[in-house]
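Have a look at the structure below, then the notes.
As written, the chains take the letters A, B, C and D, and residue 1 is the first residue of each chain.
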Amino acid sequence: MKPDIKAALEVIFAADSEIYKNRGFMRRIGFGKRPAIIHIDLANAWTKPGYPMTCDGMDVIIPAAQQLNEVAREKKIPICYTTTAFAVTEGPNSDMGLWHLKIPAEALKLGTEDVAIDERLAPRPDEQIIVKKRASAFHGTYLAGYLRAHDVDTVILTGVTMAGCVRHTAEDAIAEGFRPIVVREAVGDRAPGVVEWNLFDIQAKFGDVESLETTLAYLRGL
Amino acid sequence: MKPDIKAALEVIFAADSEIYKNRGFMRRIGFGKRPAIIHIDLANAWTKPGYPMTCDGMDVIIPAAQQLNEVAREKKIPICYTTTAFAVTEGPNSDMGLWHLKIPAEALKLGTEDVAIDERLAPRPDEQIIVKKRASAFHGTYLAGYLRAHDVDTVILTGVTMAGCVRHTAEDAIAEGFRPIVVREAVGDRAPGVVEWNLFDIQAKFGDVESLETTLAYLRGL
Amino acid sequence: MKPDIKAALEVIFAADSEIYKNRGFMRRIGFGKRPAIIHIDLANAWTKPGYPMTCDGMDVIIPAAQQLNEVAREKKIPICYTTTAFAVTEGPNSDMGLWHLKIPAEALKLGTEDVAIDERLAPRPDEQIIVKKRASAFHGTYLAGYLRAHDVDTVILTGVTMAGCVRHTAEDAIAEGFRPIVVREAVGDRAPGVVEWNLFDIQAKFGDVESLETTLAYLRGL
Amino acid sequence: MKPDIKAALEVIFAADSEIYKNRGFMRRIGFGKRPAIIHIDLANAWTKPGYPMTCDGMDVIIPAAQQLNEVAREKKIPICYTTTAFAVTEGPNSDMGLWHLKIPAEALKLGTEDVAIDERLAPRPDEQIIVKKRASAFHGTYLAGYLRAHDVDTVILTGVTMAGCVRHTAEDAIAEGFRPIVVREAVGDRAPGVVEWNLFDIQAKFGDVESLETTLAYLRGL
């Protein structure tokens, strides 16, 4: 993002933050007692170049996600990965529903390497890979029931995109009764600005945006 | 079922039907304008001998399901199949949730032939195979959103088990705004009596129980 | 229920139990660490005479529910009550959805004394009264998110009807990741036999059926 | 919003739109055959001055919502209103769940005039008023089932706030299989900029942003 644009956004965020804080918004929800890590769509079609879905910043996002995994595995914290993929991408019976009318969902074919989780994250056999059909990791999936059955109260969110799947997942998470924590260095998107304003909206109303360092310290302390 | 037991059930159903009808229950919901066929768990672990989940009556159920598919394909009616399968069947991160504390869910391993749809139904590439983790085909799946996106208003239900997944699916279907039609000859279970009483409860409160003949005539007339 | 009919049901249950146990069903899910009490539809239209919904056995059910409330309040265990009620019971915009096509939902008018919780249970201001539109206390309500936010892992179910709302709630509860406990003396229905076979199905697949005494002892021990 | 800030946002939107369009995003989903109007949180605590939730722009938003209602009533199109309200705003059993940890949810007391629909919209007895506990009109409510039962395929969204409840509702709507249409003049918020960037994100990925004029013309043509 160009510096003058970034500066303009900062001006808006400062003004809005004052309004929000005066009104009692922008509180801190805090970490809970038992977290899970949810990596949103860190699959090849988003993490590698050349796809309609390709996102920026993987040089920072992937290492951040790896560091979270390392501590989580040590601490026996559940790790989930989502991908978005469709079995039928043509004709009147598609599991894309209506979404392909808005975005290039037809590029995400179930069973292809494109929608497999990025090998740098190396999911283990006892970690959940959840195939979702919509933006939210909770919508039309067993995620909420799975987390509850394992007494999870906090979801640590990484991945892409901030303007789509990560945002919707954070909104659903608090609605379902989980504390959403979005890790600043571990999220991204493909268009300038959208990361900043979606983090701002989440911080205002839906969950906490925390640094990788703070999140790792919390996990290590469990 | 032994004749005297069957007779005893019939006595209860007759008495209960009188109560229900006097109270305004047991109405007929009727077929809608655009149906989908939902085959519940007609996968090998339920349709073939030798599994904990094995059900009876496949000599009638499978041909009934085949006949429904034949007409549905001709009429371009969406067909969905569910199976129940788990990626992680051991340890603290299992997608079985709490269900293995009650039933032998650990026998249903994702990716095995056991949980594949029975080859006699031969799903086509444009038909949906939905992997569910719970009894209902709607719970934790994209089924409701998929059906709505395709303007479906009626779900024709077949499969097993009546006391578990078919019952819960029928209950959820009407809750979600779809007309549930359970095809009498196309449903079954593994224990005597449970088919009869679950069909009775559904007929009383949640959906219509129709014969294969009536259902086929409806589909042919579309 | 007449003795010979009851005997016939017992014969079926014994035969089915053997099948289920041999197959690995009918396990005990057990009580968790933090329960909530959910009283299903113990509202006047179900608990008092003269309504289409009127149920039997309130001389036992109400005192059982009262005893559970007494201990729960002492132990600061959350208590929820559901009622089923509709704002619009005529015309094309009804919140009955399709359910009035099957049952006399039109008798349950939101805001009337008919759908108010039975005064013998005397809900307190900090106890939740959830108005639902469907059979399950979870379907189309905030119950799951509410329970999760308060770290509840077990739902103690009472109320009516066993063949409708209690059954569907138990099924949804385990699907959502909560341990369903149905209190034998605290549930009922309006037609003979349906309590017995629905408790049987739940015990086989979805939750534990426990006596009032066992449940009270568990609650007292928290 | 100050002109230079607005200009800066326009620069970002233009650059991002080019990326999105090149990648196949920002398609037009289009109006369907049977719409419903959903007014999000046009209740006093949002539409009148002096509350933590108070929003700007009601001189434009309310007349726009009124015009939509006028045509919708003429054309027998279902109208729904949401409000956000909590029965228990203190202590460990609150239906606020975790949301009060982030926003001043405790100001929204169920049954008060504060959370009543603005009298300028004058809901009629056959129009649905849905009390929600979370941001989305779909989350923990019967809205999806209600809309499906009435064959609705399109939701016309108005109200507040764009950065919260309207955004989350639009995301859930397409996930549930409904076409989301956000009416530009009929939505608002309480902080500068957030309307613009949330409309931008929705237009890119979740639904169509349409003018009041276009929407009224569509409704009149039904």
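Rule of thumb we're sticking to: a contact is a pair of C-beta atoms (placed from the backbone, for glycine too) under 8 Å apart; a residue touches a chain by one contact, two chains touch by 3 or more.
All figures in this text were calculated on a predicted structure; none of them were measured in a lab.
Q: Out of B-D and A-D, which chain pair has the most contact pairs?
A: A-D
Q: Mind checking chain C against chain D and telling me if their interface is mostly the same residue numbers on each side, over half, or mostly different?
A: Same; most numbers are used by both chain C and chain D.
Q: Provide the C-alpha centroid distance between chain B and chain D, rounded to the nearest whole angstrom.
A: Taking the mean C-alpha position of each chain, the two centres sit 37 Å apart.
Q: Between chain A and chain D, what distance separates the C-alpha centroids? Give it in angstrom.
A: 24
Q: Would you please write down the residue numbers of chain D that are in contact with two or more other chains?
A: In chain D, the residues touching two or more other chains are 97-98, 134, 139-140, 144-146, 148-150, 175, 177-178.
Q: Using the touch definition up top, name the residues of chain C that touch chain D in the complex.
A: Going through chain C, the ones touching chain D are 76, 78-79, 87-88, 90-93, 95, 97-98, 125-129, 132-134, 139-146, 148-150.
Q: In their complex, what parts of chain B are in touch with chain D?
A: 144-151, 153, 175-178
Q: If we count contacts the way the header does, which residues on chain B are in touch with chain C in the complex?
A: Contacts found on chain B: 1, 4-5, 8-9, 11-12, 15-16, 19-20, 23-30, 52-53, 97-99, 101-104, 107, 134-136, 139-140, 163-164, 167-168, 171-172, 174-175, 177-179, 190-194, 197-198, 201, 204-207.
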